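Below you'll find the structure, written out as structure tokens, and then a few comments.
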Amino acid sequence: MGGNSNVKLIDDNGIRIDGRRVDELRPIKIEAGVLKRADGSAYVEFGKNKVLAAVYGPRECHPRHMQDPSKAIVQCKYNIISFSVSDRKRPGPDRRSVEISKIISEAFEHVVFTENYPRTSIDVYIEVLQANAGTRCAGLTAASVALADAGIPMRDLVPSVAVGKVNDQIVLDLQKEEDNFGQADLPLAIIPRTGEVILMQMDGHLTKAEFDRALEMGVGACKKIYALQKDALARRYAIDKAVDEAEEPAGEQPAEG
Amino acid sequence: MGGNSNVKLIDDNGIRIDGRRVDELRPIKIEAGVLKRADGSAYVEFGKNKVLAAVYGPRECHPRHMQDPSKAIVQCKYNIISFSVSDRKRPGPDRRSVEISKIISEAFEHVVFTENYPRTSIDVYIEVLQANAGTRCAGLTAASVALADAGIPMRDLVPSVAVGKVNDQIVLDLQKEEDNFGQADLPLAIIPRTGEVILMQMDGHLTKAEFDRALEMGVGACKKIYALQKDALARRYAIDKAVDEAEEPAGEQPAEG
Amino acid sequence: MGGNSNVKLIDDNGIRIDGRRVDELRPIKIEAGVLKRADGSAYVEFGKNKVLAAVYGPRECHPRHMQDPSKAIVQCKYNIISFSVSDRKRPGPDRRSVEISKIISEAFEHVVFTENYPRTSIDVYIEVLQANAGTRCAGLTAASVALADAGIPMRDLVPSVAVGKVNDQIVLDLQKEEDNFGQADLPLAIIPRTGEVILMQMDGHLTKAEFDRALEMGVGACKKIYALQKDALARRYAIDKAVDEAEEPAGEQPAEG
Amino acid sequence: MSRAILSEIKKDHIHKLLAKGKRVDGRAWDEFRPISIQPRFSDTAEGSARVKLGNTDVLVGVKMAIGTPFQDTPNKGVLSTNAELIPLASPTFESGPPDENSIELARVVDRGIRESQMIDLEKLCIEPKKEVWMLFTDVYVLDYDGNLFDAATLGAVAALMSTIVPAKENDKGEDFPLPINHIPISVTAVQIENSILVDPTLDEEKVAAARLTVTTDENGDLRAMQKGFAGALSIDQINRMIETSQRLGNELRNMLG
Amino acid sequence: MSRAILSEIKKDHIHKLLAKGKRVDGRAWDEFRPISIQPRFSDTAEGSARVKLGNTDVLVGVKMAIGTPFQDTPNKGVLSTNAELIPLASPTFESGPPDENSIELARVVDRGIRESQMIDLEKLCIEPKKEVWMLFTDVYVLDYDGNLFDAATLGAVAALMSTIVPAKENDKGEDFPLPINHIPISVTAVQIENSILVDPTLDEEKVAAARLTVTTDENGDLRAMQKGFAGALSIDQINRMIETSQRLGNELRNMLG
Amino acid sequence: MSRAILSEIKKDHIHKLLAKGKRVDGRAWDEFRPISIQPRFSDTAEGSARVKLGNTDVLVGVKMAIGTPFQDTPNKGVLSTNAELIPLASPTFESGPPDENSIELARVVDRGIRESQMIDLEKLCIEPKKEVWMLFTDVYVLDYDGNLFDAATLGAVAALMSTIVPAKENDKGEDFPLPINHIPISVTAVQIENSILVDPTLDEEKVAAARLTVTTDENGDLRAMQKGFAGALSIDQINRMIETSQRLGNELRNMLG
């Protein structure tokens, strides 16, 4: 977080530099089943973020000493490609990617019925093709759809979004400039059916009251993203001429609030 | 390739800077069985190139997951030592060495009767002690003799040479200055008994007609190198007081052409 | 070794810059059983050196291909932490640490009854928390106590000290300035019961006569350190209300010489 | 993946006690283990502290050097935080480059320090765009019994508070203490079934479903958070953990004087 | 080594069809799969293209930066090509640094671009000996169904053709398109028994004996070649492959406009 | 760990002969194997030598470059020594970065050269604090039959003695031979039961309990020592080994002319 910057990112009418209101998501696009080789896949755009996720497994766990005789392990690798950011990033994992991979892996360990597949590994790959703040949330959203596309039983889909603080206001789904000059960032992922939080990080400066407002805004937005996830899977199944199992059919614009 | 350089590398009489004609090989020296610890070995000089090759195996394949239950795998490691080139090269494989190791491994997979030794590895090490253009060809030529010296059954020995284009002429067996300022490079390795090509790369600029001429020149030169390979093995067996199995005894100067 | 430096490190009365005589050890503090998680541990100060040692094992040997079916292997890792030296050291092993780890491992292979624990590994970790010359000796001294604290049967404890040459005189237990500007360094470790040497390195410049004097001085000092090692273990067992097995009870100042 | 296995007996024991509202070591749910803070442990670091939370033992050192600032913060010093989970501290820690656990630890400690604006980085500018002070904070875990996040943050904060900028030896004027603006404190709690336990031991971490680390400043404002482990947290649980962190944070802050 | 195993049933199927002169997907032997070229996929790269050959899907980005030229080419820009076989694209791709397959791919693509003198590197010189433009071309494989060489070369060429040199934001005058001299196209064919198949699928690659990649320019001249796999090629087969590459190269070149 | 296993039969054979005061190859206990020294093996190095001790075969090259001196020795050239145990030389050598064995070898060779002040490093200063000559000595083991320390030291010394400083091509005046002050020679002996054997073969090393390398100068003074292997040495044995090194060192030194 850049801290208490003087850069004006919200105008007097409460409109952000990309035209959104403070509680408005960027345009979101979700597509399931976009790759042939992977067992499951999804493509997601959150504004200018472009993210691809693929799932392989359950398959033999490699290296062997990581096998768990009682359940599958979920191994997520989050990666950003070299030309997805302003200055070319040298290929390969950096410390940030390692941390994000770890917390996303933990989140999915909770939702996947890992006990169904002892000794195996479920491998989730997230590739950020173009980055514009909020990539871990877009990636998690995509990976969740890819897991469903792979037919892996889960407690629920996992929508994810970041809430932040900009010009002393709580705003939803920060884009790049807001992230650079903002005052706080709070990435979240929830289980919609229970409203529980399975991923949460925060950095910057929030009073407890601001946090409460941010959490509320984030949970609400996650429900909208959830509808788009289900819709993407519904379209995918429809294309496959399979039974449409989506509970609430929804268009590109979410059904709820 | 340096491209269309103006450096004059062939004089008006068709003589190159080291005194050779365009279709003439550098002086070649091949010696088999030069190391005690290795199962087979050979030392080769192509002009100022000095190359050592050693073979270990068939032996247990390590790492295990690379074992093939139906055949041996051939793992070649081509390496140039730190002081074999003008500027000290940091020890360890670079990208060029990795590529060369791969294509030489593939070439030997073809000629070795790998099906005789399931689950094993045949390890071929090529060390370039002094480099002067054409090291991969000298290395392959040496490794082939080392494989024979190790008693590993093969379809044939594999001679190798590079052909190039310099001052718009097709020339055989480029040395360093020709390689630096030349217009094309075409490393080749063939199976003499069938005339088939098992290694070929090319970079630079060749018309199809030039390529035809280069290929013809290279195949012819390979046959001369083949005779020297057999001669080296004959001398090695003679020293060992073993039956001389060389089909065509030949001196340092090749019998053919 | 800095070589024949003109820096005056011993005054005309034979007193060194830290007030010691040439044959005097720095104040030594040894404490056994300082860590909870490790199977055995010890903390040692040699003057300003602060060293921690921990032992894990005998435990399953990892990686497997290093298992010895006839005995345990002893794997020592000597490491200096980033802020233990003047300029921050990047974490991770450097070449010096790798060499020291190897020779300490070899020394302990001799004294541990490794044949009691086939196929296992006894892992010894030495962490230099603050360095002031002689860390390998302080580390070995600590590790030996940690092995005893772990209950691993040994032929003997192993005391260790370095002797050096400064201003053309043989001096015991070099501290940092003496090491930087000295003329020779001779780290030693012995088996007190037999007087045999199990670790010895030397660099610098010593005549044979100087070496003889240095070796004698080092062996004598090792016996003092040995008493402190036993004392530390005695105190540790006393605290544990266990039988005091120390043969010669000794205080912070050694009983001998 | 990130946590070792606990025996079933121990697990049962923890669960049975928790059902009665008790912890294995008799603490209240919101009680820290005995805390020891030993600043200035190291003579070779510009600042340091050894912190114990019960049996968890960490040593933190701060080294400073002069370097060039980042382009986007030309008038600010540079912070760098690293954590080493050395194998001396636990049988589950392995040698080698930082793994996901040590990277997460370092990044969470770093965010607490950075986002609270603990250090006045502008006062660490020597000449804008050219020379600034760089701070390297290295966390070494010496004995591992759970709750590394709080031990490491407390150690890092104490080490930074003890740091003297070595201006004199670098010809940059008089030495001065690091300019401190805020004192961030992290408090970590885990959720086990319906219980929340502050400052978990290793055994408690192993049975815990979810973990939340909350770093606050003197005003109780949130500066950094990190949710961990595979479990989910309800919003009520999150709120309770945050409030506990605000309350206990002040108590811990008082210990730092 | 470089190729995964194919089920016996699939192999038989391919062979039986080939005996009748047919391919599994119904193509003629010299027919490419449907080709899709999407230039300017990425906003964050100076140039980019996503290319599909049937189910094979690659994304190529070009980033530019200002750097110093190589000593022996003081007035030329610098080319660098890298390929990433990310595990998202195939169950046989592993995380980690480039292996021999990705290195070979990058080097073959690089040679095609470099040796065809596609880019006028002298126009990328800003100040001789001091400042030149550096071009980083990164190939990411997103979905792997064979013939990466042609997909990657086509993607790299399309990405470079779409590249705008970011002169303005670097204070080097007005932006300008990358100066293009030639358009290299690679065409790869495999040999299976007596058949030659252009643009092989992954299954076809798995049963193929030998592979040849031929990169030509607008004049049909040869610019780069790479023979691969363990099989041997007759001179007739090589000639047929070259002629096919010349013919199809022109068709593909037209698709690039 | 550092030494491979020897068959029981060979071991018995060695022991039985030793009981009669004999060695397998008929040498006296203090006799070296036939020594061959071939200086100037390489055209591409500034200095080089190939040295054989019986079947042990090492190639050493010296490359020079201009660089900046270390801060604490602003008027001295820089020495750097590296050793490569390439897999060509032995079935027990593996590809990859230097392991503990090659690091120990390099460091022992380096200490012999450095501590004997063999090279007049002040004459390698071009401009104090700014430019000095850097010497890179690379030891490659080509065939491994024991006693690498002596072969490598002899090779390094011979290579350095043959080195011509390439001043002219670097515009630093006329070329000149490396300024040599002293000629260090290392002599290694092993202890097997009560025997001491100089210049051990690989088989002798495998049965040996302890090893001592002693490097002396022309005056017989000690410059470096390294004790190795897990055995213990009595002070008498150490003295005998040192005296042998002094005596044989002079013989070997004469071979270098």
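Things to note:
Chains: A, B, C, D, E and F, in written order; residue numbering restarts at 1 for each.
Note that in this section contacts are C-beta pairs under 8 Å (C-beta built on N, C-alpha and C of every residue); 3 or more make two chains touch, one makes a residue touch a chain.
As the structure is a computational prediction, the values presented were derived from the model and not from experiment.
The minimal number of chain-to-chain contact steps leading from chain E to chain F is 2. For chain A, the chain with the farthest CA centroid is F. The chain with its Cα centre farthest from the Cα centre of chain B is D.
Inter-chain spacing, taken between the CA centroids of chain C and chain D, is 32 Å. In this assembly, the C-alpha centroid of chain C lies 59 Å from the C-alpha centroid of chain E.
A separation of 53 Å divides the Cα centre of chain B from that of chain C. Annotation for chain C: no residues touch two or more other chains.
Along chain E, residues 98 each make contact with two or more other chains.
Tracing the ring of inter-chain contacts outward from chain A, first into chain E, gives the chain sequence A, E, B, F, C, D.
Contacts from chain A toward chain E in the complex involve residues 35-38, 48, 50, 52-54, 56, 59, 77, 79, 81-88, 91-93, 123, 125, 127, 129-131.
Those residues of chain E whose C-beta lies close enough to touch chain B in the complex are 1-2, 98, 100-101, 103-104, 106-107, 111, 114-117, 212, 220-235, 238-239, 242-243, 246. Every residue of chain B that touches chain E in the complex is listed here, in rising order: 1, 3, 66, 73, 75, 95-96, 98-99, 101-103, 105-107, 109-110, 186, 191, 194-208, 211-212, 215, 219.
Chain F makes touch with chain B in their complex at residues 41-45, 48, 55, 57, 59, 61-63, 65, 82, 84, 86-91, 95, 97-98, 136, 138, 140, 142-145.
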